[in-house]
Amino acid sequence: MDDLYRQMIVERHKHPLHRGELPHVDFEFEDENPFCGDHLHVMVQVDENNIITDAKFDGSGCAISTASADILMEYVIGKPLDVVKGMDKEELLDLMGIEFGPVRLKCALLSLKVLKGAVYGLEEGE
Amino acid sequence: MAWDAARLRDDFPALAREVRPGVPLVYLDSAATALIARPVLEAMADFETRHRANIHRGVHTLAEEATALYEQARADIAALIHAPDPREIIFTRNATEAINLVARTWGQANLKAGDTVLLTEMEHHANLVPWQMLAQEKGIHLEFIPVTGEYLLDLDAMQRLLETTRPKLVGVMQVSNVLGTVNPVREIIAAARAVGAVTLVDGAQAVPHMAVDVQAIGADFYAFSGHKMFGPTGIGVLWGRAQLLEAMPPFLGGGDMIRSVSLRSFKTNDIPYKFEAGTPAIAQAIGLGAAARYLQEIGMENVEAHSRALVDETINRLAAVPQVRLFGPGTGRQLASVSFTIDGLHPHDISQVLDTRGAAVRAGHHCAMPLHTRFGLPASTRASFSLYNQREEIDVLIQGILLAIDLFL
Amino acid sequence: MAWDAARLRDDFPALAREVRPGVPLVYLDSAATALIARPVLEAMADFETRHRANIHRGVHTLAEEATALYEQARADIAALIHAPDPREIIFTRNATEAINLVARTWGQANLKAGDTVLLTEMEHHANLVPWQMLAQEKGIHLEFIPVTGEYLLDLDAMQRLLETTRPKLVGVMQVSNVLGTVNPVREIIAAARAVGAVTLVDGAQAVPHMAVDVQAIGADFYAFSGHKMFGPTGIGVLWGRAQLLEAMPPFLGGGDMIRSVSLRSFKTNDIPYKFEAGTPAIAQAIGLGAAARYLQEIGMENVEAHSRALVDETINRLAAVPQVRLFGPGTGRQLASVSFTIDGLHPHDISQVLDTRGAAVRAGHHCAMPLHTRFGLPASTRASFSLYNQREEIDVLIQGILLAIDLFL
Amino acid sequence: MDDLYRQMIVERHKHPLHRGELPHVDFEFEDENPFCGDHLHVMVQVDENNIITDAKFDGSGCAISTASADILMEYVIGKPLDVVKGMDKEELLDLMGIEFGPVRLKCALLSLKVLKGAVYGLEEGE
């Protein structure tokens, strides 16, 4: 992973824009990556047209999973739920603009996994 | 690719060996263990000297590289046998462990007292003993598709056995390691599935010698060994349908096969990791991936054609020696192995005389005692052929046999 | 032998690796997988290019040579751990399989519902999950020797547990792969035997770092892995007392583990073959034999002293970094591994930053989730040391950690 | 195995001096080596002082196991039973004068194993 991108990840991790609580939550989900001890909680608010009006995350994880969650929240705010349902991992990786090895990939993709869990209304551990 | 025998032989460093000074190696024992190919050695040396690390859990460069190489090997092996999904490739020590894995997980979960497992009389011990152990433990029945006097599976008898015993599992070898018989596994599996049986193919002698397509065959499980296909020892493969594998309980317990562990319980990982407990044979898996790529580059059609030509010529020339009794279905119907006996001449003595000429053949029951018993033989001598063998080596074999006859009879 | 660090490093080809241009490898992940030693690579290359053949059943020269090399490796490994008889050395894939073997054979035959198996809270998953699987299947109880706040086994609690639960088996690791704690296995085993328990020692982290004498320890079973002791992947060892091994049922079924086979039954072979079904990891066993000889030449006392010096210095220097919380009993009481955490800094990020400096450390739970849970940690970072490490590498480690703190906190 | 010795083995195998039946048998035993399919039957006759007066073998085996049996019978005739009980494998291998690899060693030693079975009065398969 090259230094330029690392800097972006460090910044996002230190100063995430979308970490926190939502006053009203329409969808939420949490999951973990036991290999890393990462734990992520994602909350989503939608309007009557199922457009995402706000999204936040919470939990503890490495810089990559935190940065990934922050970038993902930023990206989905203002988008229809259906678009989020259709998102694939390439899209998120493109947003991050970094190539990950097989192990860190799991960290980078945890946020999408949890977000999908939320919008598809899964039970935890499913 | 044109068949370039000289170049091919160059790919097998062991062929430079002289058995003793002035006596070059004539290796006719590939059915036991094939020689290792140079690209396999190179792939392993590259791992050991540049990427050596444990896999899956490491974040550092070597661990990421090692993980990528290991998973690439899985994909390369999936491609060789036309498995639809690399997650269906489970690394084991050898074909034997692959079959035990099926018996101990699928068998443990799905077979109960009174159920029947249908095998064949020509199976290798690897596809007999695991089922005997399960039979003893759980009270299941074993039945066997007979071998005809022509050394083929008796398919009429099989049809009757399928209908009368309604087996839960049918296990059959694709190519016999003694007779060389190529069994019609596709037909057998179709018949087995028609009565609802799950099917397991022992492909240990098929993968090194012919194109294998597990989807076209229609099997549920397919097992083979790395060391017989120019790969390293210590690695084998079980392929299984993802749906079956996902429903199966785990095999061995430990690291990698778990998602999480507390003191008194654990959650299993996804396939294929669920079945790979502990640090796997990383270098050997990478070596086997290289073997799979090597075979695909040469082309399995070429490999099979070469092996068949040598086998047929050997059969014809042995048939011309009056004392020799061939043990196999004959030209056009055998792959890789040619076994025979000579009345009054013990296979060990044949093998020992051949060894003085540099020729390595195998003498004994070849881990198929019941097959030998079926034909009243305590043992046989087997010459087996592979892509690096050449016609001149058949001369050494025949001359050695004539010498043994002359010496001992 | 005088300790010649430069010559030693020469024996490990992977140390020539630059992680990226200009950044040499600083390998501090030997507890996961140690680098392979040149004599090991040479022994395997010699087998693969000159003696490659299947073993035990062949009469020809290569098969006899291969068999002799394989059995010599068994004897060399017996010598390393002071096993009284090479027949007590069983080759497995890794330490994990070795422990599973005990659970599935000795455990299957000797444990029944209500029996207790006593383990420790610091065990690796390899010595937890196999017993959990057996517990689930047979209704046996698992109990655990607690780990104190000083990261040592609580021997008083152990004594009470031995007396109250009367375990049938006590399983304990000799050296923790996380804490570095060296457990007093001799004392533990004496106490366990006093209540009639059979004992199993997980020596995966001991054999590479200290002199091991299974007879002096007094254990019944001892398990370890080749890849952690400069040997190849794909090979491990179970040592067991001959008398116990002889009474145990076989593990996997197939070739080599049988004396004779008919269609519906088999007779098992003698030890150790009884437990080695199918073609074993021949080249890897031979490689492991070379690793055992290599370690004996260097002298385990030298290996241990070197590793302890590096570990103690690392602990001292880490203790001087205010943000670092050490996870282990401290200088003089740790072997090979130094684990730590930094509040607010995920181990993955530490490891990633270290990787940019060429340093390979491990981040995660190191297959000891219950131990981490016990101390409320999701994960830790581990630097582990081996005979090829040198003091300058500690500098790289410390500087990298300081950089990570600077970047992320 | 070198050619000179091989010749001896071939001769012994082709023309064994002690293969056959004994009119009267005091001790006998048979066993096999399933790896090779070798099967050996040994018969021993003793006088009132437990001196072996005659010994013969029967069965089917490779040249080495046959030669070994023939040499062993020749050697023990005229010796006290106790001497036979005390014989070890080195003694037999010395008689044969050949070094065997690990696999053929089993063939070479089958005769001693069976003879001991006879003089110790074992049951087959014990």
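We call the chains A, B, C and D, going by the order they appear; numbering starts again at 1 in every chain.
Simple rule for what comes next: a contact is a pair of C-beta atoms (placed from the backbone, for glycine too) under 8 Å apart; a residue touches a chain by one contact, two chains touch by 3 or more.
What you see is a predicted model, and the numbers here were worked out from it, not measured in a lab.
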> In whole angstrom, how far does the Cα centroid of subunit B sit from the Cα centroid of subunit D?
Replying inline: 38
>> For subunit B versus subunit C, what separation do you get between their C-alpha means, in angstrom?
In response: 31
> Which whole number of Å gives the spacing of the CA centres of subunit A and subunit D?
Replying inline: 79
>> Can you pull out the residues of subunit D that are in contact with at least two other chains?
In response: 34-35, 104
> Among the residues of subunit B, which ones contact at least 2 other chains?
Replying inline: 57-59, 63, 260, 348, 352, 363-364, 369
> So what shape is it, when you link every pair of chains that touch: line, ring, star, complete or other?
Replying inline: other
> Which chains touch, pair by pair?
Replying inline: A-B, A-C, B-C, B-D, C-D
> In the complex formed with subunit B, which residues of subunit A make contact?
Replying inline: 34-35, 101-104
> Contact residues on subunit C for subunit A in the complex?
Replying inline: 346-349, 352, 356, 363-365, 369, 372, 377-379, 407-408
> Where on subunit D does subunit B make contact in their complex?
Replying inline: 1, 3, 6, 10, 13-14, 34-39, 60-64, 104, 107
> What residues of subunit B sit close enough to touch subunit A in their complex?
Replying inline: 56-59, 63-65, 67-68, 71, 259-260
> subunit C touches which residues of subunit B in the complex?
Replying inline: 13-14, 16-17, 19-20, 25, 27, 29, 32-33, 35-36, 41, 45, 48-50, 52-54, 57-63, 93-97, 99-100, 103, 121, 124-126, 128-133, 135, 142, 144, 225, 227, 232-236, 250, 252-255, 257-258, 260-266, 277-284, 348, 351-352, 354-355, 359-364, 366-367, 369-370, 373
